[in-house]
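Heads up, the next two complexes both have subunit A, just with different partners, subunit B and then subunit C.
Then we have the complex of A and B:
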């Protein structure tokens, strides 16, 4: 475990020094994410001009939810996104070999190798928006609820990472992973809307099989009096099953991997 | 550039685009269904929870018809997979070969972009046709013609707006973020996220003079019969005026950027 922590510290150091080589891109990314936050807030602002509730939540509650979406996105962009982007390229070019011969878990190395230092600033900005949304919320929210919320958000980050990689693993068998990658991003937008809007079998599907609807919505429910035990159990089971399926497909994929000919 | 050369470049690009069939069909079916599904849930919840019969002049049904139209239109206007090609040419030095071609780089790239349209135009007619067949929506011939003209203007305008942003690659290492910023802004103000009639009046008044509405909103609104010839004509004229204005900016940025270009990549 210490070895992995030390290795990750090297990843961080290397990523920060590399990010500073591309300074304009560094600021462009910050600008882009800030704009994304603004556009999302504007989206909800316009919707709430026409309805008092959306998915059972009022504007103040949705603001906290939206801030949670920014934090989740910021975390994913910072820790995983660059690595997920590179993974299909590594497989197709045969460069995965470099990762497989290392004396550490290939999944760890591929998932965490590149830390996006520029997105890290956006993560801090997103945390600021979340703090602002929580402070301006008119009802009292206990510190215990906030602590559980943050812990569950962590589970949501993990589920998001797992599902993202599950969408990319088929690249071991397919020549191009672009189609599935694009579909992940399209389906990912289901996690950017309150889960209360989904009804019927789609709701069951989005909270179990493809659990986009639980990543941010379920932790947010805890802040507004949701049943902690039920939500914790649900997210825990989904995270464990999704990771189990990922490990299974990862091993099958590595077996199918034929170096440069993949 | 001669029309013949333009069509040849477009044809080569169209064949290249159709060669990735698995990705194409995955995006065609799942991508569209997923995007429309999300909008369906948002708007059914909005109408259910507000109890309103109309919003911004749309009933729930007409809102859903609008979204089918605007999603299909946006696939054509934005296209796919082109955002970084100009920037990549500059960044990797691939621009060299285009500079010695006896034709305009801008129009060469635009011809390629037109060639990329084949898959999405197919999508437009497959899903548009199916939707008209299985819903109460009616599309008039005049509406379809005005829509196609608005799409043509919007398509060139989007490319013209995207071009100077990509040319920033003459000075910067990565301009992907700027392309995403363009997409975000145009989606919000162009009517892709929701009809622009949902904006407050003051924002609608400002937005009427900006280049965004003609990109997505105008083609979709004219197709579903929300606006007629009287509203369509000034909107399209404004779009053309913006193409000229932004086109002039393109020339300035392109010329200044060329002075920076070393030809060996950055």
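Then we have the complex of A and C:
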């Protein structure tokens, strides 16, 4: 475990060194994400001018939820997104070869090799928005609830990564992952809205099979008195099953990997 | 150290009819045809041996190497590398092998090679002392010590390849797969890399499999070669024996003194074989092996020979001939 932590420290170091080389991209990303945060906050602000509650949450609660969405997005963009973007290219060009001959987990290498240092400032910005939303929340929220919220957000990040990679793994067989990647991003927008707005079978689907609706909403529920045990169990089971399925498909994918001729 | 028995790899490829209609049809109906990349091959490679894998493009060389490095799964057959089944990819196996591909980079493009080596040190758990010792040795022998802190993308192709070799060998692998390590390099760099591989072999005695399109790599580095065509081995033996087995002719070159008289009739020379060249200063004949003595005697007797040389056909030409003959047979 400590070896993997040391390896990740190298990835961080390399990624920061590289990001500094491309200054324009560095500032452009910050601008783009700030714009996205603004558009999302404005969206909820407009909605609450016409309704007092949305999926059972008032504006202050939804503001915390939205800040959580920014943090989840910032985390995914910083830690995983570049790696996910590269993965189909590595498979199709046969560049996975060198990852497979190393005595470390290929899944670890593929998933975490590139840390998007230029998105890191956005993550900090999103955490700032979250802190602001929590501070301005009119009712008291215990520190224990905040700690559980943050831990569950971590589980949500993990589920998001797992599902994202599950949408990409078929590239081993299909060789073109663009369609599935687009579906993932479309479905991903379901995690940007409070889960309370989904009803019936759509809700069941989005909280179990493709659990986009639980990633940020469920941790946020803990802050407003949600049942911690129930939420913890639900998210824990979803995370374990999703990761188990990912490992299975990863192994099958590597069996099907044909590399590319040189 | 490497043992392979009846190893095969079949890919399934779909062929699309040309044009828009072909594309539309392939959207709904796809006929997959099997393509045997490697056909039931067997071989053994011993410690300290460099086996040359020779074959035209698409012969199956790289597929075989990738199966043995554990990158791709075979369709059938067995392989054991250092007692491990490569495609099971256990860490103990991967810690002891190295793969160098001339056409693919393993180093991080935007970083100095020295940084990449530190990452590899961690990946292979190389102790500090061993790492320092190996890096010093490899960078000195390859003469790239001064470039270790230069960004990889700013290095020349030759320097980059040397860094790739260091990256692959820092952990002292016991089995090394070299897939076209000199491709695209200038002659000086090619020579430097060949010299280094020999030096490294002397020092560490790894088992090596080398694929290359450059016959000079093969001639300089390998005593034993395997010739592979269309996925099957057509020769496995000593490099020298290729000449004996397949070279049915020798080339006789007679350098002539200045003379007043005329050369023998071309017809006379053609009795012995093919006349490759016939000038006032030189005559070159390609002659079947059993008739070499007779033809040499004739030339010495009938021409003002100053010097006479009898050469084997070079290995590259012989191998090319073998491929050509087999292609013609197949057609």
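Note that the second predicted complex is superposed on the first by the 260 of 262 C-alpha atoms of A that agree within 3 Å, B and C clash if a C-alpha of one lies under 4 Å from a C-alpha of the other, contacts with A are read in each partner's own complex, and residues count from 1 in each chain.
Simple rule for what comes next: contacts are C-beta pairs under 8 Å (C-beta built on N, C-alpha and C of every residue); 3 or more make two chains touch, one makes a residue touch a chain.
Quick caveat, the model's predicted, so the values are computed rather than measured.
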**Prompt:** Mind checking subunit B and subunit C on superposed subunit A, clash or fit?
**Reply:** fit
**Request:** Tell me which partner A:103 touches in the superposition: subunit B (first), subunit C (second), both or neither.
**Result:** second
**Message:** A:6 in the overlay: touching subunit B, subunit C, both, or neither? Say first, second, both or neither.
**Reply:** second
**Item:** Touched partner set for A:210, first subunit B, second subunit C, both or neither
**Value:** neither
**Request:** With the two complexes superposed on chain A, say which partner A:14 touches: subunit B (first), subunit C (second), both, or neither.
**Result:** second
**Asked** When the two structures are overlaid on chain A, which partner does A:95 contact: first (subunit B), second (subunit C), both, or neither?
**Response** second
**Message:** Let me test your reading of the model: by the given contact rule, A:151 touches which partner, first (subunit B), second (subunit C), both or neither?
**Reply:** neither
**Prompt:** Once the shared chain is lined up, is A:258 touching subunit B (first), subunit C (second), both, or neither of them?
**Reply:** second
**Request:** May I ask you to name which of subunit B and subunit C touches more residues of subunit A?
**Result:** B
**Asked** For the overlay on chain A, what angle lies at subunit A between subunit B and subunit C, C-alpha centres, nearest 10°?
**Response** 90
**Fill in**
Once superposed, subunit B sits from subunit C at a minimum Cα distance (Å) of 7
**Prompt:** Where on subunit A do the contacts with subunit B and the contacts with subunit C coincide?
**Reply:** none
**Asked** Can you list the residues on subunit C that touch subunit A in the complex?
**Response** 11, 58, 62-63, 66, 69-73, 89, 91-92, 94-95, 97-99, 101-104, 106, 108, 110-111, 115, 118-119, 122-125, 179-180
**Prompt:** Contact residues on subunit A for subunit C in the complex?
**Reply:** 3, 6-7, 10, 13-14, 17-18, 21, 94-98, 100-104, 255, 257-259, 261-262
**Request:** Under the touch definition given earlier, write down the residues of subunit B that touch subunit A in their complex.
**Result:** 20, 22-27, 30-31, 34-35, 37-38, 41-42, 44-46, 49-50, 52, 55-56, 171-175, 177-178, 180-181, 184-185, 187-188, 193-194, 198-200
**Asked** What residues on subunit A touch subunit B, complex-wise?
**Response** 22, 24-25, 28-29, 31-32, 35-36, 39, 42-43, 46-47, 49-56, 174-176, 178-180, 182-183, 186-187, 189-190, 193, 196-199, 202
